[in-house]
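Every chain is named by a letter (A, B, C and D) in the order it is written, and numbering of its residues begins at 1.
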Amino acid sequence: MIKVTIKCFSQVKYAFGKDELNLELETGTSTLELENIIREKAKGKLDTVSLRIALNQKYIPIQTELKDGDEVAFIPPVQGG
Amino acid sequence: MIKVTIKCFSQVKYAFGKDELNLELETGTSTLELENIIREKAKGKLDTVSLRIALNQKYIPIQTELKDGDEVAFIPPVQGG
Amino acid sequence: MTKIEIVNGPIGFFSNDNSRQQDGAELVFNGHVRATEYGEKITALEYEQYEGMAKTELTKLSEDTVKKFFIHDLFCKHRIGRVDVGETSLHVVIWSKHRKEGLDAMTWFISELKKRVPIWKWAILNDGTRIPSECSHE
Amino acid sequence: MTKIEIVNGPIGFFSNDNSRQQDGAELVFNGHVRATEYGEKITALEYEQYEGMAKTELTKLSEDTVKKFFIHDLFCKHRIGRVDVGETSLHVVIWSKHRKEGLDAMTWFISELKKRVPIWKWAILNDGTRIPSECSHE
């Protein structure tokens, strides 16, 4: 098992009412699998929201196997400016 | 005969060393004829300078017959900014 | 050169500079909060950032912009936290030899900022409700 | 709305305005005098205007720009007389709802200004000589 921290922003934060989620996952879980877990946990609230994945504060273009201690963020469309 | 005032700027001013020329012209002289007179008076110094004509402080697109008291400017390429 | 700041509180503008010898063009963009967000009346926006990553991405983007457009300097301040209607949320200054590269750089920089810098807006409505501002890139 | 000034002496910038409810974009362009004019080292430029016509043309151009690009306001100050290297000769502020129309309007406004407003530059060289600055539109 591995432990990961999920940072929540904007619509993700709104869906969970939390800044951060701490999850225990099967060893070998990928970022894409985690996204599915998160979307399911949100019970439909994120169905229309497109999410990019940042792993340890960097956008990653393809799915990646998670490691113990990773920081993950599912990034809703950004809105700076 | 008519009297016209010619306002001189930039390269026109530099060519004549004057802010203003006052000329007496044949009645019926056109702006284009006046331009030729001015270019001749400049003795070659304006040969490479393109000039637009402003009549009484307005650009005019085609040649126009001058009237007594007109203010004319031969406008070298402008350089504001 | 680039200077990047993410500030919690009113933005102090970068100061005037008459000492530059080769920069003919100084272009400044100030983004202000408007009274309506997606048709809804608001009293303020609250900007949220991904702390750390927002600064990293903004810095990287600024450096990319300076290289891509041959501009000399790009300075940027982005405000986070509550920003009332009318106030400045984004302040960008670009110095370049000629205006054209400055205008192109400004256009690209802001458009990319709105794609990749992890900052979000929460709308604060007249009744005090606080909701994620819908939608995304213009 | 437009505001136009042709000023003989240092340009005082238009002041900040946080009272606007619907203008999300404030774009400022400051043109500065560079140390070289057409390859020649200079100490200053001297701007000459066709008094009357310069103001008229600049006013007309500003009004054209506001109509053409659906921006809200365009304010412009152009300095005439001697302007030392580094100093501001042109100050333009455009207020619009979104940045895109502001950027397009700024691009067009300055480019047209350099075609139709009767203002010229005299280069003041290091030895004090004063000559019409060659050439024209960029």
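Here, a residue touches a chain if its C-beta (ideal position, glycine included) is under 8 Å from a C-beta of that chain, and two chains touch if they have at least 3 such contacts.
Note that this is a predicted model, so its numbers are computed, not measured.
Engineer: Both chain A and chain C are touched by which chains?
Structural biologist: Touching chain A as well as chain C, we find no chain at all.
Engineer: Return the chain whose centre of C-alpha atoms lies at maximal distance from the corresponding centre of chain C.
Structural biologist: Result for max centroid distance from chain C is chain B.
Engineer: Let me have the rounded angstrom distance from the C-alpha centre of chain A over to the C-alpha centre of chain B, please.
Structural biologist: 73
Engineer: Nearest whole angstrom, what separates the Cα centre of chain A from the Cα centre of chain D?
Structural biologist: Inter-chain centre distance comes to 49 Å.
Engineer: Starting from the mean Cα coordinates of chain B and chain D, work out the distance between those two points in Å.
Structural biologist: Each chain reduced to its C-alpha mean, chain B and chain D end up 26 Å apart.
Engineer: Can you tell me which residues of chain C touch two or more of the remaining chains?
Structural biologist: 31, 110
Engineer: According to the definition already given, which pairs of chains are in contact?
Structural biologist: Inter-chain contacts occur between A-C, B-D, C-D.
Engineer: Inside the complex, what are the residues of chain A that reach chain C?
Structural biologist: It comes out as residues 7, 9-11, 13-14, 54, 57-59, 73, 75-81.
Engineer: Could you pull out which chain C residues touch chain A in their complex?
Structural biologist: 31, 47-48, 50, 52-54, 56, 78, 89-90, 110, 113-122, 131-133, 135-137
Engineer: Hey, which residues of chain D end up touching chain C in the complex?
Structural biologist: Listed in rising order, the residues are 17-36, 85-88, 97-100, 103, 106-107, 110, 138.
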